[in-house]
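One structure follows; several queries about it will come next.
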Amino acid sequence: MLPGTRYNQLVGGNVARIAALSDGVFAVAMTLLVLDLKTPAAALVHDDASLAGALLLLAPRLAVFMMSFLTLGIFWMGQQAQLNYLDRADRDLTWLHLLFLFLVCLMPFSTALMAEFITLRLALALYWINILVLGLVLLLSWGHAARAGLLSPAATHEIQASICRRIKIAQTLYALATALCVFGTLWSLGFIVAIQMVYALGPTRGWLSKI
Amino acid sequence: MLPGTRYNQLVGGNVARIAALSDGVFAVAMTLLVLDLKTPAAALVHDDASLAGALLLLAPRLAVFMMSFLTLGIFWMGQQAQLNYLDRADRDLTWLHLLFLFLVCLMPFSTALMAEFITLRLALALYWINILVLGLVLLLSWGHAARAGLLSPAATHEIQASICRRIKIAQTLYALATALCVFGTLWSLGFIVAIQMVYALGPTRGWLSKI
Amino acid sequence: MLPGTRYNQLVGGNVARIAALSDGVFAVAMTLLVLDLKTPAAALVHDDASLAGALLLLAPRLAVFMMSFLTLGIFWMGQQAQLNYLDRADRDLTWLHLLFLFLVCLMPFSTALMAEFITLRLALALYWINILVLGLVLLLSWGHAARAGLLSPAATHEIQASICRRIKIAQTLYALATALCVFGTLWSLGFIVAIQMVYALGPTRGWLSKI
Amino acid sequence: MLPGTRYNQLVGGNVARIAALSDGVFAVAMTLLVLDLKTPAAALVHDDASLAGALLLLAPRLAVFMMSFLTLGIFWMGQQAQLNYLDRADRDLTWLHLLFLFLVCLMPFSTALMAEFITLRLALALYWINILVLGLVLLLSWGHAARAGLLSPAATHEIQASICRRIKIAQTLYALATALCVFGTLWSLGFIVAIQMVYALGPTRGWLSKI
């Protein structure tokens, strides 16, 4: 391998292609999430009222899909933040991101499972494990990038710490939310959505802005 | 965060990744729109004449899909125009565009609903709401970008005003078209297609060029 | 709009995004083409011999899909050649390419139709019309780009003429191939595949290199 | 064609678009692999225990899908390594990569076939042939790039030899693994996964680091 600009350019291309593959996988997974919404059977629909009734039955499914879209959006942003701070990639980092994308691909399945069996704790637990492992892989990838010297100078110690802290706090909250299933899975789901809203809306004031 | 070139480059990467994710979501949604066209059952087709008959039955469905493809094309161009004028992105802007993409993902569902229940006003209303919210989110995103100083110098006041005006006029026309459903949903659909043709063909003369 | 570098950069971004959307649509359409290959029903397969028998039944379908993949590959390269010679895009050009992508999205449908009804001339005719209109739109797009001054200086008159000639010769050959259906649709398909092979293998010697 | 920077830029764009199309095809193929995991039928699931039982039945299918994801990941990285060393592309190289992508598109089919008929040697043989031809096409593409002078100066003789050696060793191992099917297809699958793990984890010490 040659040192210097040329080499950095080649390897820099790798980060760009990880990003490109990731955008593709996220785009397909996001679109497929919503695709599982099937139109009501024509035989059951005669007028506006019966269509409204049939669509109401789809409401919980729509809610679960919105939640999964939010989850994918949060992880897409988390991965993007990491990739933006990388100067280059190596083989291990690329494989960690392929593992990350495998877990992203599993999300439509975990989501469909939870939408179908919304009251079963096992479906919730598998959904949570999917989110948990996504977070762990992002944490591993960041740690590896720091150790292997792949980070750009812009990734100060403060930024490095903040990215780790962010993942750890989010995962702690998801674990707490899942633990709420002792009261019922809907409690867990409600709390998960609340966590996601905080991350999506990103309040800049008050204690919520610390997480 | 560091000031200067490096920082802009990192954040500039965000705009590029929003664009990349958007292109992916639009590409999948567009392709899936048309995929819902199923080949006629082999049992019903014996020769060219029976195939022609079976395909004629698909014609309204094809028309609705063309309309949705046009709609997605118009919104893709609208989003692209905005992203081209952004120097950088922030968290809120990224979330507004993720919300935009969520609504894009819903389009194949709204479309299938309308193709299946083409005479029901509720199906038309939901289709219109999908378009309306897509427009509102683009308007919000543009307003936020202007307030948060994310726009490039190339986005003069004139351009800023023209982008807002364009969205407002289009949405007014869509609302009018939907209101025509008091005469029947096909009136609305016809008018929606007419609006889209004006936007797609983009006449450069006469009063139509003002919208 | 501002003149100068900044403006060209913004508009240049449009060509890049047309390319990105196109790559996404082609990627989804190509993958979906092959996806229509279904695994044989488990009830029919007991051992290697019965699996081989079941797969043999899939052979014509596989052949049609390979042909469509080739077709999409040829059009992807044709569009790419055009986009590489564009300095910038305008609204009309973008819409022509969106129309082109709509026709690309229709390819999996035309293909499935022909795979299902391989002996019917109507299925062949629709397949051919899809290819014909794809070619016409590319021709229109190139003509518009030349008239509107969107081409880069690298697109010499010789290159411009060669791109037009290439499309016209290919379309003439496709039309001839389709006309062969008076002898049977399989004659047409065989000739189409032969044309595509010439384009894909691209002989550099002999009279075939002229087309 | 013009010599100099402009020309290289145009042709360089081709390599970028091969990469973009490839990322799209890989992203769709990877996502679709996992999508074949269907949620258990609601009629069979009454509580956590019956859901666990239903999911256990999916385990072999999940294992095959993970294996195919790994395979696609390995080939994605192999193709990426090649493209990073290309200065420009020509028509033959582009077609070789389109052929490569066609084989990538076939992977979900080969995978589904093997997941469905996991004990049949024919299913395994077809899966192996898919992998074999993917490797051969990469080898052909690399050889062509070297002969046609498309490689960048960074691709030293050492790097060129190492890329070829890597493909040949991997393909020899896959062939050996497939030959193990005389003892049973599960032996082959186990050995294939072992090979993939070595490539994914990439040990840097010991004799395994040589392959």
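So that you can tell them apart, the chains are marked A, B, C and D in the order they are listed, and the count of residues begins at 1 in each.
Going forward, contacts are C-beta pairs under 8 Å (C-beta built on N, C-alpha and C of every residue); 3 or more make two chains touch, one makes a residue touch a chain.
It should be emphasised that the depicted structure is a prediction, and the values quoted were computed from it without experimental measurement.
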Exercise. For the sequence-identical pair chain A and chain D, determine the rotation angle of the Cα superposition and round it to the nearest 5 degrees.
Key: 90
Practice problem: Examine where the copies chain B and chain C touch and state whether the two sides share over half of their residue numbers (same) or under half (different). | Solution: different
Quiz item: Among the chains, which is located farthest from chain B on the basis of C-alpha centroids?
Solution: D
Quiz item: Counting in whole Å, what is the centre-to-centre distance of chain A and chain B, each centre being its mean C-alpha position?
Solution: 25
Quiz item: Between chain A and chain C, what is the gap in Å from one C-alpha centre to the other?
Solution: 35
Exercise. List, in ascending order, every residue of chain A touching at least 2 other chains.
Key: 20, 23-24, 27-28, 32
Quiz item: What residues on chain D touch chain A, complex-wise?
Solution: 19-20, 23-24, 26-28, 30-35, 37, 39, 42, 45, 47-48, 51-52, 55, 66, 69, 73, 76-77, 80, 84-85, 152-154, 156, 159, 200-202
Self-check item: Of chain C, residues touching chain A in the complex
Solution: 24, 27-28
Self-check item: Residues of chain B touching chain A in the complex
Solution: 1-2, 6-7, 10-11, 13-14, 17, 20-21, 23-25, 27-29, 32, 91-92, 94-95, 98, 101-102, 105-106, 108-109, 112-113, 116-117, 120-123, 126
